[in-house]
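Structures incoming, each one as structure tokens.
First chain A sits with chain B, and in the next complex the same chain sits with chain C.
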Partner chain A sequence: MIAVWDQLPQAVANGLLLAALYAIVALGLTLIFGVLDVVNFGHGQLVTLGAYLVYALVSGSFSFWIAVPVVMVALGLGGLLMERFTFRPVRSIPINGLLVSIGWIAIIGNVISAVWGPDQYNMTRVLPGSLSFAGLSLSRSQLLVLGVSIVVMVVLSLVLRFTSGGKALRATAQNREAAALVGIRTRRLDAIAFGVGAALAALAGGLVANLFPLDPSVGDSYMVYAFVALIVGGAGSAAGAVVGSIIVGLAVSLAQTFGSTGVASVAPFVVLIIVLFFRPAGLFRTDHEATL
Partner chain B sequence: MRSAKPWTRLGTLTALLSATALAAACGSSGSGSSGGAEDIVLGANVEVSGSGAAIGQQWQRGIELAVDKANGDQGFLVNGKRYRWKLDLKDNKTLPDQAIANNRAFAGEKAKFILGPGVSTAFVPAMNALGNGDRIVMTPSVAAAQFIGKSDGNNLFITHLSDTGDNGRVAKMVQTLESNYHAKRVAVLLPQDDAGELYTKAFTQYFTAAGAEVVYAKAFPGDTRDFSSYITALKGVNPDLVVSGYLDTWMRPFLEQSAGAGFTSPVFVGAPGTNVTSLGQVGASIQNFAWSVTTRAVDNATDPAVQPYRTAYRAKYGNDPGADGFWGLSYYDPILMMTKAMQDAGTVDNPKSISDAMLKVTQWPDAVLAEHFDPAKRQAVYTPQIGFYAAGKITYVEAK
Partner chain C sequence: MTTGLRRLPPWLGILALCLVVLLVPDESTQNTLTVGLIWALWAASLNITWGYGGQFSMAQVALGGVSAYVFVILATRSGWPVFLAIVAGIVSAAVVSVVIGYMCLRLSGFRFAIMTLAFALAGVGLASSMEITGRTTGISAPGPWPTLRIGPLTWDLNGTDGGFTLLLLVVFLLLTGGMWLVLRTRQGRALLAVREDQLLAESVGVAARRYRVLAFVLGAVAAGVAGVCQAQYYQFIYPSLFSFSTLVTVIVVLVLGGRGLLFGPLVGGLLYALLTNTLHIGGQFEQMIFGAAIILLTVFARHGLTYYLSAAVRLVLPRPPAEPVRAEPGPLAPRGGGLTDAALLEISGLTKAFGGVRAVDDVSFTVGSAAVVGVIGPNGAGKTSLFNLVSGFVRPDAGEVRWEGRAITGLPAFERSRRGLVRTFQRPRTFPALTVRENLVIAAEGRPAHPGADPVEQIVATFGLAELADRPASALSYGDAKRLGVALAVATGARMVLLDEPAAGLNTGDVELLRRDLLELRKAGCSVLLIEHHMELVLDVCDEIVVLDAGRVIAQGTPAEVSAHPDVIDAYLGSAR
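Now for the complex of A and B:
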């Protein structure tokens, strides 16, 4: 029992660090869902692509600090084009948007396999080593993820609340028709939301590349857990995505530390079922409207 | 200006096509000839890329070196006739589907000698795709044991020492580790798959038999990259020795994150499949690391047994073999043994006779690993080595 209490702070810290990465992925997902009403299942592949592109640039002597923004811009522009040419034409039938997103899983996955093959790659870490305080050991690379995640949350929150573009995004997420009636150019916002979501996926990918070995499935687990976080928090809610990520991150970490492998595998989904039982729209949604 | 009449060009084209078809036919048949020696196709289904690439590329080199050695300048004599191995190496990308396709291609070419795949997930379906045991197959895959005693496995040989059993790799490794470290509290963290379960069971059994307490035994999903939660739990049980692996894919991030979490005092042990390169950038932090040298360390410049291999390796590839070079011996000696078995049997196309002769081979030219095949299990028997890393220095010892 003493060992459990000794390990608990570290397990919680691990969970929060895990949550930081899930949150960046979930924020991108929720931004796209909130505005376009489509769950982009290809988001995990964008994370993987972002990771490989950052790896490629860093291997080509680019600084990690330059590579990440460059890849964010590139995938952000790619996201704009994805929305414009593949999601927008099928917007009137939501199920088709879902199918298009599944199609992107195959397309991006095959591009990654064709270019990099199935081999595993290890990027030289920026910020190697760890920090110890209050009995906790935290790697500098993971702390970087936490810091970046907090910055992303704050910036996104400020943009959504205090800029005209952010207010327009929120208005579109809440009521698309009403937003259009007051002159908001909702189609343009669709593309922007998708582009920002893709850029966030690229950011998550870059951070993953600095943490773990890369292979073509590296983004898959982040997609799954970020999706669970999205639903737990309430799809379309930025605050919900963050809180959902923290819950899922803690569930995974605590179950892996104190439970069996089987418990760890199902813990996030048990949390999901419990939350949906009491709050069918997720923790941060009271109705069926998105609340960016 | 036209230089030839249509019928002339047609004739030239026909001749070219015929020549191409003839060449292709010679290339794809089970045998051909070159330089006075008849070719024997040696199909190699190898993990040159994909998740098994680090091992597979050494397998490829071991195969190429053995073929060069067996062929020499003139080929080798069987029953008074000269033959040469003609290597047809196909990358299976560590993917079952590709491994199946490769074996079907070999079967189509009527190849009677097939190597690999070596990774179990690729080997089993690829072996099933071959359909019958009318050819000699050699593989280091532990999963090959399930075919022994069945018609599919009539001429199957497993080129690695068994993992399990009192004389297996794990038992020998544990005995060697315990005589070196005297660990009392052991933790085992391996992947949640067949090989992981096999190793977990075997390490638990033999460490317990050696008097140690297994204080932690868990499996992680194969797609795990973030080991921080497991490391937190491991720190809580305070082990003297931690077994993990069994591939670099997991061992490297596990060691890196252990070092990052300040968890560096236990002896880290890589289950068979890892080697010292798993230390990556954290060699200065991890105090002790040991791993199973599945065959014999060919990077050991002071071992006379591996010098001929090192010389041939350097001549062909321009550099000395690294710490993962020992994988090359998974195929190197068995190919030379098979060549000797063909000479002893006096045939190149009777798999049964060659298999019977193979079981009796104990000496062959240019041997590196002193081994023979157990007639019942069709499995290689030899003494493997254990690698030890401490304070930047690597030593190899024979497993007890």
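Now for the complex of A and C:
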């Protein structure tokens, strides 16, 4: 029992650091889902692609701090194009957006495999080493993730709340037709939301490259867990995505510490199944009366 | 005779396939066919749950995995006879699907998809960490199946001579034939109704949740069959055989072939196998091409190849014009009960709050048989919420609804509908992909058998839908769709219909038709509870009017009493009068 209590603070800290990474991915997904109603299964592949591109630039002797923004812009533009040419034509039927995103999984995933092969790559890390704090050991690169994640949340909520573009985005997410009627260019916002979402995936990828060895499936688990977080939180709300990420991060970390890797891979789904069983719309969404 | 001809192409195709299986012993042809048929089985499973049941399940492949593992473990470790182990495998996939199906019932669309994916990934994780499933390495299948002997005939089920391929083809045809039969039953039609519009299906008496689970379980049975065949073909199973990438391929196959079409999976599976086996592009590039194929198909050809093939056949062999069924507009004959003095519907103290807003606040009134009662009030007065409570789509916080003297407050919507209390919707709802007649057939299905004219044809005639009867409901104009909505409610044989703004958006002529229909309904002994803003209509046809404002009843009485009531004039009719 004593050993359990000794391990708990470290497990919680690890869980929160994991959550910070999931939150970046989940916020991107939320943005896309909220505005376009598209469940982008290809998001994990964008994370992986971001990680490999950052790795490639850093190995080409670019600074990590330059490589990440460059890749974010590149994938953001890619996201704009993906939206324009593949998601927009099918937007009247949401489940078809899901099909398109499954197509993108196959394309991006296999492009990565074709270019880089199945080998693992290790990027030269920025901010190596770790800090000790109140008996906890926290790696500096993970603290970087936490910092970046907080900045993303703050910037995103300020933009959504106070800028006219952010307000237009929220209006579109709530009621597309009404937003279009008051002169908001909803189609342009679709593309922007997708682009920003893709840029956030690239950011998460860059941070992943600074934490773990890269292989072609490195982004998959982030996508899946970010989805779980998104739905646990109640798809469509940014706060829900963050809270969902914390819950999933803690579930994974606690299961790893006190269970096994096998348990850890199942834990988030068990959490999801339990949450959805009791609250089908997720934690942060009050059930509206169905439109009859 | 053309009808027979139109059915010919798929059967000719199947016959050709049988001949190829039996007569072309070439190994690579057999291999292509085998692989194609296994994909066709997987896709058939997804087709049942998604194509016919309308639920995009991402657990199909994992459910097949359950069946494969159970089959292999029972046959190898527990020494069960092979055929018993196969049956046990398929049954366990079905059992697991019942559990998952019930847990996912309250979810739809992408939430359902992701919840099923979560179960699938959890299952793959479980199989990768358990001793009995051989962890990530996997386990060997029990080896060749025994030879089947029927009299003088022998059928080597493993057959290098195409025995296994033929078995797969027979299994696929059995599955497809089974589905064909199911679709011709009342249950099959209900399945399609739930796919098209779950709420409308419930409102006409279909136990939608039961059918959603049914679609999931039928799909799981097909997945179980596919899983066993896959295990037998590879002779070795491991978790990633049933993982996400397999699912992606199954989706490609079905989208390629055409979903919601019986032979879609077969066309998709064979084409996929043909392309992969002949092009030999291999690995990553093949996957990239199929990824691009999903996107292109979804954007440009979302119905799938089979749909376009059959459209081409239809072009060459057009459908003969249907024999017009003559039926006279006649009495609408609601179900038994007849005229009684007792109140049909009694509402007492009904209350529902959404957050802080009391949408319906302590509402009580009664409706007798063959009465037309209007519910009026300004927008947001709680009229539609009241309908939702009375029809069972929303549970009240307090109060009681009694129907024919019995409390029905806890009954689900479809049960109320079956007892003769049927609602319509403000925004017209139909089963869009089905024809007007099929819509009405589904609605009339719960109706007690009635001697005399076919009730569907009678309603088609009465509501003036004869010209439109064979058109898909999605092609109807707004006004026609609204009329179909009322016709659907009446077709159930309702003793009382709740009509939610039936006149909204109709032109004067259509309102006149509606007025006639309402009076006709009352004459036939059917009560009407009518939400309407069209005051002229309400004052004209209603025996009694209930006025709601801010969730409360502020007046009640005959049209004359209500229109003279000062509160009503103030809240609703406008004080200028």
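As a convention for this text, the second predicted complex is superposed on the first by the 283 of 292 C-alpha atoms of A that agree within 3 Å, B and C clash if a C-alpha of one lies under 4 Å from a C-alpha of the other, contacts with A are read in each partner's own complex, and residues count from 1 in each chain.
Heads up, the rule we're going with is that a residue touches a chain if its C-beta (ideal position, glycine included) is under 8 Å from a C-beta of that chain, and two chains touch if they have at least 3 such contacts.
Computed from a predicted model, the values in this text were never measured in an experiment.
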item: First (chain B), second (chain C), both or neither touched by A:L272; value: second
item: First, second, both or neither for A:S59, with chain B first and chain C second; value: neither
item: Partner chain in contact with A:N175 - chain B first, chain C second, else both or neither; value: neither
item: First, second, both or neither for A:R125, with chain B first and chain C second; value: first
item: Touching partner for A:V100 - first (chain B), second (chain C), both, neither; value: second
item: Touching partner for A:I231 - first (chain B), second (chain C), both, neither; value: second
item: Partner chain in contact with A:S260 - chain B first, chain C second, else both or neither; value: both
item: Which superposed partner A:D6 touches (first chain B, second chain C, both, neither); value: first
item: Residues of chain A contacting chain B in one complex and chain C in the other; value: 260-261, 265
item: List of chain B residues in touch with chain A within their complex; value: 49-51, 53, 93-95, 192, 218-221, 223, 225-226, 228-230, 232-233, 235-237, 248-249, 252-253, 257, 259-263, 280-281
item: Footprint of chain C on chain A - complex, ascending; value: 39, 86, 89-90, 93-96, 98-100, 102-107, 109-111, 113-114, 224, 227-228, 231, 235, 260-263, 265-266, 268-270, 272-273, 276-277, 280, 286, 289-292
item: Complex interface listing, chain C residues touching chain A; value: 56, 103, 106-107, 109-111, 113-115, 118-119, 121-122, 125-126, 128-129, 199, 248, 251, 255, 283-285, 287-288, 290-295, 298-299, 302, 354-355, 384-385, 387-388, 393-394, 425-427, 500
item: Touching residues on chain A, where the partner in the complex is chain B; value: 3-4, 6-7, 10-11, 14-15, 17-18, 117-120, 122, 124-125, 128-130, 132, 137, 139, 141-142, 211-213, 215, 217-218, 220-221, 252-254, 256-258, 260-261, 264-265
